[in-house]
Each structure stands twice: as structure tokens, then as C-alpha cells.
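Below, chain A partners chain B and then partners chain C, in two separate complexes.
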Partner chain A sequence: MLDLSLLVQYGPALLRGFGVTILCWGAGCLIGMVLGFVLMLLRQLPIKPLRWIIRAYIEVIRGTPFLIQLFLLYSGGPSIGLRLEATTAGILGLGIYGSAYFAEIFRAGYQAVPKGQVEAALSLGMSYGSILRRVIVPAMLVSTIPAIVNMMAILTKETVVLSIITVPELMYEMQTMAAETFATFETILGMALFYWLLVEVVSRLGRRLEARVTRFLTHASPQGSSTETATARA
Partner chain B sequence: MKFSVIIDALPYLLGAAVTTIWVSLLGVLLGQVFGVVVCVARQSGGRAADMAGGVYVSFFRGVPLLIQLLLIYYMLPLIGIDVPPLVASVAALGLASGAYVSEIYRGALNAVPHGQSEAALALGFPAQSIWTRILLPQAFRISVPALVNELILLLKASSLISVVGVAELTRTSQTISASNYRPLEIYLAAGLIYLAINGALALFGTLVERRLQQA
Partner chain C sequence: MTAVSQTATPPRTMVQGDAVPMVSIRGVGKSFGTNEVLRDIDLTVNKSEVVCLIGPSGSGKSTLLRCINFLEVYDRGEIRIEGTLVGYTEDTPRRRLSNRDLRSLRRNVGMVFQQFNLWPHMTALENVAEALVQVRGMDKASAASHAGRMLDRVGLAAKADAYPARLSGGQQQRVAIARVIAMEPHLMLFDEPTSALDPELVGEVLQVMRDLAADGMTMVVVTHEMGFAANVADKVAFLDRGRIAAFGTPREVFHESTEPRVQQFLQTYHERNSF
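For the complex of A and B:
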């Protein structure tokens, strides 16, 4: 099995790789969520062509492999003057990929916000901005948190694909180590166990977050409707 | 952008797309087998089978597909099975898909009323025919939309087998764009082909679903 001295030798590289993995994942999730949220909002505007474009964007991103999107961005980009470093391309690629899925998640959440709440806020004289911030987004967050956590776990797994476009993340460093030490199988087995753990940790943390965010739902509330929408999706 | 590049490469890309399609189909078929076996074993095979099945599902859903693929690709020769990359790829896709499919079936089985298998038991049906004649056919029907979705997911995931050198759509696009230095056009074309296949699959799924709802 794996020689322990190898871990000492390759430890720093692996740690650095893990750092890049976390960076790509975190930044990719953030870009994906922000972009997805903006897309969802733009889709609510009563402008038909804009809706079509956004719908087409979502369908294209969800209908093509992530790897092809990465190749387009990283290898195809320079043809139209978009010259990106591997890590930047990787983060952007993850963000774009995630945005289509997050846009759909947020849309479902947006639609699940009870109409009466928005109408009540309107009749109280709240502006659209503050209705969004104080009524829609909080309710949306509660009902979509399981889907958001699930998507984040999926993106954790997608980060390994970045190794193919030479982003120096954990998988890439591991493959370098495997190639140099010929301990290919042991290294990949180690990777598999590590990612298994990582995805499990992300899901567990997500479930705790979920429990925290939806904590108020367990109290008996006279307002039944919001409780129902939130728990139905969980 | 030079569209003539795409026209020149199109025959190769389409040929490779055929490989992508049948690798994914084989993967899904294998996944069906694994999925059903694991699902049935977990439901009726006692605690040990349930735990083993649970570990299988958790592992293949939790570990990135690329790593599973490399694991199988490098593991098979170690245990004395020397297989071409294509076989290792289909095995990996099938194993991964099986984990998801077994969960799809688990959900679908929950939707089959409990009274049916109780009634069958009361009528003296052996356990085996309860599965093959009552539970699985209905579970299959309920899970058709999810299974079509799984096929689309697997088709996209099959792009990863380019890494072990299977000449499917992604690998072929890589090879072509490395020789003509036109990655933008070639990957765009490849993306559109994936999109077209997935669109057709989604349409097929809707049709089948409608058909099953009528029946």
C-alpha cells in the first residue's frame, strides 16, 4: 500500500491542491448563485425576448456536458480574444454551469412564495426592493435550501473535472503524484475515499444548515400556508 | 468563426456521437440491472444486504464519476482482468448509474400501494412473483420519467470517458481541434450535437410518459 514517506513528500502539493479545490468550489458556487439569482429575477420581467434568451441559456447549459463547456471556455475562448488562466476558466466554468441549475432552483422557490404574502406587503406600501429582500428572498431560501445544498454537493464533485483542463486542484496534484510514483491505484483509491468523505461532509453541513434555517417551522404557527410550501419540498 | 471547419469535421463528430449514444445506452442498461438487483436486495435481503447496498449507493453517488472511472480502469488489470478502455468505461457508467437507479426504484416502490403485495401474499404468491409480476412492473412505469432523466445525465457524464481514451464525441472533438487549431468551432459543434441528442431524449421521454399515463 501507499508508502507514508510519499505523503510527507507530496503533502504540501496535495494541501495546495486541496486549497485550489476549495477556492474553485467556493467561488464557483458564489458566482453560480449570484448569476442564477439575477437570471431568475430577469426572467420575471415582462420582456418576452429576454425570457427566451434566458430560457435558451439554461437549456443549453443543462443539456451539454460540463467538460465540453470547459473546453469551449478554456480552449475555444482564445479564438474570440478570451484568454483565461486555467484556474480562472475553471472557476468561471463552474459558475456558469451552476448558474443554470441555481436559476431553476430559485425560480421554483420564487413561485412557491405564497401570493398573499407579496400582496399583503404591497398593500402595506412596501417597495418592490424591500418586498424582495424582506419577504420573497427569506421565504425562497427556506423552501429551496435542500436543493441548494444538493447542487453545492454536485459542484463539489464537478471540481475534479477541472483537472482535465490542468487546473492545479487536488485531483490534478494527485494524478501528478500517481504518475511520478507509479502508485496509481493506491492514489486513486485514496482520492475516492477522500472525496466520498468530502461530499458526505458537505451534505451533512448542508443538512445542519437546513435544520437551522427551517427551525422556526417546527414551532406551531397560525399561518399554515408558508409551513406547507417549505416542508413539501424538504 | 469558420463554419467550413465544422462541415469538414461533421462526419467524424457524428460517427463519434454514435459511440457516445451506445456507450450511454449500454451504461444505462447495465445500470438498470445493478439498480434493480440492489434495490430488491435492500428491500428483501435482510440487514446485511441492506447495509451493503447502502454502502454501494453512498459510494457511487458520493465519489466523483471521473475518480470512479479511473479507479475501475486501473483496478481491473490489477485483479487480472485486462479489458479495453471501452469496457471499463461502460462498467463505470453502469455502476454509477446503478446507484442512482436503485434509489429511483426505491422511491417508485414506495408509491406502489402496500395493500397489493399484502393481497398477493394472502393469495399465496411466492415472493419472487410478487416482485416480477406486481412490484417491479409498476415501479418501472412510475419511474419512467426519472429513468429518461437518468439517461440524459449519463449521456452528459459519458463525456468523461474521453479521459481514458475512448473515441467518443468529446475525445474526437479534442483530437480534431488539436489538429486543425479550431477548438471554438469544433467544441461548439460537439455541444450542439449533445444538445440535439438530449433534446430528442427529453422529447422521447415526454411521449413515453404521456403514453403510459393513457394506458
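For the complex of A and C:
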């Protein structure tokens, strides 16, 4: 028999687990994006050995299972003096794993920036830092937002792996519930619901973000867009 | 007058004040691999002069223009702007100029591109104000009001808040010109500014350029608009396979040149533009 009251009984623990999942996911995404962006920038430098190292890093991370990377970090870490708490290791692991993919997404975005836009900035005497901030990154956002959101959605699901190194996230709490009550089906159902909810929220926010960063392609002017919103509300 | 001694960066060459040309190109050459695109180019542009570079495609006109602000690196010879060597130090053997020195040189040289190259995520006004803030260090409010005046000068005050995607090609190019003149350059480079435009939009851009020329702006213009070259240019340089094959006043080049390549080029041009 399906006993949904179990989900209520274990509610607080599950919500706590959900919170840890979101924390690990959010922090992991942030680290992954920052690290990925830095890797992409370093790869633009004309230093060949550096390029090889970064390329090797990306290939290794993308070519090995996340589970194994996490084990190496958490269980193998202490043998080189890196002793991490489970949640810290989980966040760092997600960040490293994501960084390889984000670096590739950003590289594609960087290459897609029209050369003329950069030349116009150069010819006006703008510095590389200004050009990066004011011209390249905004242009990259437009072309990469769908891929970034997609990667973030994929990472929500990778968080389940963290349960294996005893991070008290949703999967871990669910397994505890299943072990204590033998209610396997309810557990799996509850879990599917939580992750679906998370992915749905992420992709909805992603669509909003996409509309926001590409608004200049569809609206005549900022004034125009605000009047339109006002009319829509009225 | 001792204009030279008062300038912030005095020209390093020993030339008298008014005689320092705006642009001086001496023996410039450039190769892409084994392909020699510029050979031994000599060209002088004086202050307030309009010089048009014409010639068949692939003749090196755009490459030469892009060497003047070092968007393209030249291998041989030297280019000087107001006496300052472009892209290299004065040492022997010469070394590449630091990015900082290159930037300070470029801020006095504006460039207008065939594809306009406006930044699509900024409004017309923001496009014009951007370099005023980032390069000249103006505060946002005064940059915006200065940018507004520049848009007014090219007849686009009403489009200040429009994004480039909502402007016609001619309007985009006029914004691009406003973006350059806002920086008060000593010299403006135009790389086929009307080639990407629908025929009915060419006139409005050429008019803005005529106004600039009338105001005394020094301009080097790569163009296929022979009418503009004939009527506005002080000097015309005809390039062919990386060399200047003819140089002189429009009259000298268009009507008096006996150079067969010039005559052939003009004949093709007339045939293509007649009904």
C-alpha cells in the first residue's frame, strides 16, 4: 500500500536534505562558473604549456565519472594532506566537475563574439579589461545562457552522487527514510518530485534570464519595454 | 607660434610645427605568409585633408587603412601619426609598443567600419557614451549629455534610446560616426563606410562625412563611392596589388592619369554603374 503519510512524517528531514542539495548545487555552480571563466581566459593567453595543461584538465574531468572524481577528492585527499568535511568536498567536487564544462561553454561563447565589436572598442582606445567587461561578457551572455542553464540543470541531478560520501543532502535523507521504513516506492516517488521541482524552477528562471539578456534584440528601447509591460499589466 | 612645444607628447622627429603631417607612411610593407599584400607604400596626409583610397578589391586598401591604427600589424617601413611612430618603439631594433602606449595613440584616431560594429546590447546613446566613460574617464552624466550632442550632430537625437537592432543601416553608421567624433579624434579612418548599406541609405552617411570634411576633419577613406572621392577628396590614391599605382588630386587621378590600371578600373566602374 502507498503510504504518503511517511513523506509528512519525514518531512522536516527531507526538507533539510533539500536545503543541503540546493546549497551544494548553488555553491557548486558558482565555483564551477568562476573557475570555468578563469580557465577560459587563461586559455586565451599565448602560452602553449598553459594551454596544454588546461586542455588536459578539461579532458580528464569530462572523461571520468563524477563519482570517481568525488571519491578521489574525499577519500584520496587526506593522503596528500587535503582533509575535507563531506559537504565541503561535495561542493568543491561539483565545482571542479562543472568548471570543465563551463570552460568549454565560455570558450565557444568567447569565440562567437563578433570580432568587429572588439575592434571597434580597441580603435577607441579601450583597455582589454574594459572590453572584456563591457563588450565581450555581455555578448557572451547572449549566446551562452541556454547552455549555461542546461549545465546547471544537469548539475542539479549530479548532486545525488554526494550522498555516497555522506553529504546529508536529499538523496541521503531519502535513503535513510527508506532504510528505516522499507517504504521504497514512496521514497523514490518523493525524490522524483523534489528533483523535478528543482529542475523546473531552474529552467524557468533560465528562460526569464534569457529573455532579460536578449531584450535589446526585441524591444525598441528601454522606455518602450517598460510601457509595454505597463500595458500588459493594465 | 610654438604649437609643438606646448603639446603633451612632442613629436620625436625634427620637423617644424606646421610641417608635421597628420599621417606619414614611408616604405610600408606587409605580408600574410608568402602573400605580399602591401609593398613599399609611401603616403602623406596633411592636417584637414581628405584622402580617398580606391582600387580593386584585394588591392590592399583596407589593410593599409587598418595598419594606420595598428589593428593590422605592418612588417616593414614606418607609419607616423603627428610624428609618433605607430605600433613600435623608436629603438633599433624596434619592439612592439606596449598596450598602454598603443591605447593612448588610438584614442586620437577614430575608425568607422563597413559593418558599423555598434555594440548591440547598448542603446545608441550608450554606444556613444561608452568610450567617454571608459577611456576619457568622464562621469556618466556628462558623458551622456556629450553623447546626446554628438547624436544630434549626425541627426539622430530622436534615436538616442533605440538599440542598434531597431535602426536602419544608415542610422547605425551615423551612430558609429557619432561614437568616434565624441572622442574628438585628430584623424578619422573610414573602412568602406557605405559598402554594407542599401543604395538609398548611402546618401545620409556621405552627407555626414561631407559635413565632417567641411569642418576640417582629417580623413582617410577607403571607398567605392567614386562620386564622393571626386567631389570631397583633396587627394586620391589608387592601389593595385599592394602598391600605390596613382596618386594626386581627384582631377589628376580620374581625368589625367595615363596609368592603364586606373583607366581599366574606372571603365569597369562606369559600366557597372550605368544602365
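Convention: the second predicted complex is superposed on the first by the 209 of 234 C-alpha atoms of A that agree within 3 Å, B and C clash if a C-alpha of one lies under 4 Å from a C-alpha of the other, contacts with A are read in each partner's own complex, and residues count from 1 in each chain.
The rule we apply is simple: a contact is a pair of C-beta atoms (placed from the backbone, for glycine too) under 8 Å apart; a residue touches a chain by one contact, two chains touch by 3 or more.
Note that the coordinates shown come from a computational prediction; the quantities given were computed from them, not determined experimentally.
**Student:** Would you check which partner chain A:L217 touches, where first means chain B only, second means chain C only, and both and neither mean what they say?
**Tutor:** A:L217 contacts chain C only, not chain B.
**Student:** Looking at the overlay, does A:S79 come into contact with chain B only (first), chain C only (second), both, or neither?
**Tutor:** first
**Student:** Considering only touches as defined above, state whether A:L67 meets chain B (first), chain C (second), both or neither.
**Tutor:** Once the two structures are laid over each other on A, A:L67 reaches chain B alone.
**Student:** Counting only touches as set out at the top, which of chain B and chain C does A:S123 meet: first, second, both, neither?
**Tutor:** In the superposed model, A:S123 contacts chain C only, not chain B.
**Student:** So in the superposed three-chain picture, is A:A192 touching just chain B, just chain C, both, or none of them (first/second/both/neither)?
**Tutor:** first
**Student:** Once the structures are superposed on A, label A:V8 by its partner contacts, choosing first (chain B), second (chain C), both or neither.
**Tutor:** After superposing on A, A:V8 lies clear of both chain B and chain C.
**Student:** Give me the intersection of chain A's contacts with chain B and its contacts with chain C, in residue numbers.
**Tutor:** No residue sits in both footprints.
**Student:** Using the touch rule from the top, collect the residues of chain A that touch chain C in their complex.
**Tutor:** Within the complex, chain A contacts chain C at residues 114, 116-117, 119-128, 130, 134-135, 138-139, 142, 213, 216-217, 219-224.
**Student:** Mind listing the chain C positions that touch chain A in their complex?
**Tutor:** 69, 71, 99, 103-104, 106-107, 109-111, 113, 115, 117-123, 130-131, 134-135, 161-163, 165-166, 176, 179-180, 183, 189
**Student:** In their shared complex, at which residues does chain B touch chain A?
**Tutor:** By the definition above, chain B touches chain A via 1, 58-59, 62-68, 70-71, 74-75, 78, 152, 156-160, 162-163, 170, 173-174, 177, 182-185, 187-188, 190-191, 194-195, 198-199.
**Student:** Note which residues of chain A are touching chain B in the complex, please.
**Tutor:** 59-60, 63-69, 71-72, 75-77, 79-80, 157-161, 163-164, 171, 184-185, 188-189, 191-192, 195-196, 199-200
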